[in-house]
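The chains carry the letters A, B, C and D, assigned in the order they are written, with residues numbered from 1 in each.
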Amino acid sequence: MVAYIRQETMNKLKDVIQLRIRYSETDQMGTFYNSRALEWFECGRSELMRNRLGMSYAVLEGKSVFLPLVEAHLEFQGGARYDDLLRISSGVELHGRAKLRFDVEITHSGTGKPVVRGYTVHAFTDNHGKAIRPPGWFVEMFKKAGG
Amino acid sequence: MVAYIRQETMNKLKDVIQLRIRYSETDQMGTFYNSRALEWFECGRSELMRNRLGMSYAVLEGKSVFLPLVEAHLEFQGGARYDDLLRISSGVELHGRAKLRFDVEITHSGTGKPVVRGYTVHAFTDNHGKAIRPPGWFVEMFKKAGG
Amino acid sequence: MVAYIRQETMNKLKDVIQLRIRYSETDQMGTFYNSRALEWFECGRSELMRNRLGMSYAVLEGKSVFLPLVEAHLEFQGGARYDDLLRISSGVELHGRAKLRFDVEITHSGTGKPVVRGYTVHAFTDNHGKAIRPPGWFVEMFKKAGG
Amino acid sequence: MVAYIRQETMNKLKDVIQLRIRYSETDQMGTFYNSRALEWFECGRSELMRNRLGMSYAVLEGKSVFLPLVEAHLEFQGGARYDDLLRISSGVELHGRAKLRFDVEITHSGTGKPVVRGYTVHAFTDNHGKAIRPPGWFVEMFKKAGG
């Protein structure tokens, strides 16, 4: 069922960040609560766009281009605890004619042990939430960046 | 230091709701994470406005009146765990000329044991975040409701 | 890619709850932030277990049986805003020999318009996080409940 | 009412971190949701303990010493938005015989404009949640660190 999760090496446009698990992100099972993974995916996306795409997501929204999430998949591979340092590796590619897809792998920063992997698919919308094609300047910027 | 926290009986405009603690709201200490209390205060405010003030906060924002939080105080009095049923008692009053103050007491629904108490103070702003006086119709509605 | 998401009618053991979107669950796009859906899935699971399985998840953990999430899939189908009342329909089934699978559909309570659908897969572990087979008494209880 | 909030310069044991606002931390008002400030206070505490106290909070819990929050106060002084870089300045001192108090100031990293200030007070408990005096080795370590 998970054969469609890509390896991080398959995306050409990639970025890596580190992130420490907050106490607020734990739950009574002693690990992190599952939904935090989607928030960490977002941290990866934000920095990938800033560092590799040449335009932060904040600036993109300022141009009235929004990227709401339309699909997400997560596999929880191993535990991680408060104060653990994580490595978040994100890649991005154009997905069909009007979507972006981010593939993410989260591992322990020191040991490389897997924690979560998954992907998110995003539509393009205007500031009224209406679906749009990615603007020409965005596609050009994306390809120029190597995506 | 906490003498200024009012008893719930002191507010004339009051409401009570029940709420069950989510797993996502716990932390590895086995109780609820501290910041959730501010989210529960918000649940109490929302229902107090809907049930007693005659106008939900959603409708109020639709009229371009916003109530951003400017001050909050919390006392954590006793533990509470996943799946516990809480009683949230909220009261509201006009605070000075241009603010609202909500006083909140959270207890265990069954035993009445105290969990958190505190208050939040809210400014009135327009949809650009600019501070405003509470509109005349709001004050009238508030007083008519018994506040 | 989403053909494997089951219709809610396919599960025999089902439950429905209602839930109002909190302000804390919104984001600056004006809808709910994506990760909240996983928290709402959890609310559906908790009530399904309490109401239909004859044992709350809190009691299950008290017996040292934990159900950590190992896989999740989400499709975001339509917007929903602060204070909207949602209908969360959850079904559960045994998944292979040692997992549980919950299928969830979230719609607007009034109009039935779809908001999110997806599923979560859960392993069984003991209180040390070690994978276990579902205890015999659990499987018996599950089947007796109609699952 | 807020005269009791200390200036950051008053604590001897201090630390400063930077933190970028996540999209998940915004709300539909376009700023950050109020409860996130308590989560950011926690980030400040964690790094202050690691960097200045010579023992991370994770290690402290490993020694069965917990610091649950018993009181918190927050003043929201100015807006901050998604992707803004914040400066979190935290100080700590022993508070009475059996508590710790952290004072925090959050400002915009670039301009220094104030965002939130406040404090949290923490009890010492053992791993059963029972209140304890701070262990002698902790007080010694604290004073040696300059607190």
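Basically, contacts are C-beta pairs under 8 Å (C-beta built on N, C-alpha and C of every residue); 3 or more make two chains touch, one makes a residue touch a chain.
Every value quoted in this text rests on a predicted model; they were computed, and no experiment measured them.
Novice: Quick one: point me to the chain whose Cα centre is farthest from that of subunit B.
Specialist: Ranked by distance of C-alpha centres from subunit B, the top chain is A.
Novice: With contacts counted as defined, which of the two, C-D or A-C, has more C-beta pairs across the interface?
Specialist: Greater number of contacting C-beta pairs: A-C.
Novice: How big is the gap, in whole Å, between where the Cα atoms of subunit C centre and where those of subunit D centre?
Specialist: The answer is 35 Å.
Novice: Based only on mean CA positions, could you tell me how far subunit A sits from subunit C in angstrom?
Specialist: 24
Novice: Show the residues in subunit B shared as contacts by 2 or more other chains, in ascending order.
Specialist: 23-24, 30, 35, 38-39, 81-82
Novice: Could you list, by residue number, the parts of subunit D that touch subunit B in their complex?
Specialist: My answer: residues 1-2, 4, 29-31, 34-36, 38-39, 66, 68-76, 79, 120, 129.
Novice: Can you list the residues on subunit D that touch subunit C in the complex?
Specialist: That would be residues 23-24, 26-28, 30, 33, 35, 81-82 of subunit D.
Novice: Quick one: which bits of subunit A touch subunit D in the complex? Just the residue numbers, please.
Specialist: My answer: residues 20, 22-24, 38-39, 42-43, 46, 56-58, 81-83.
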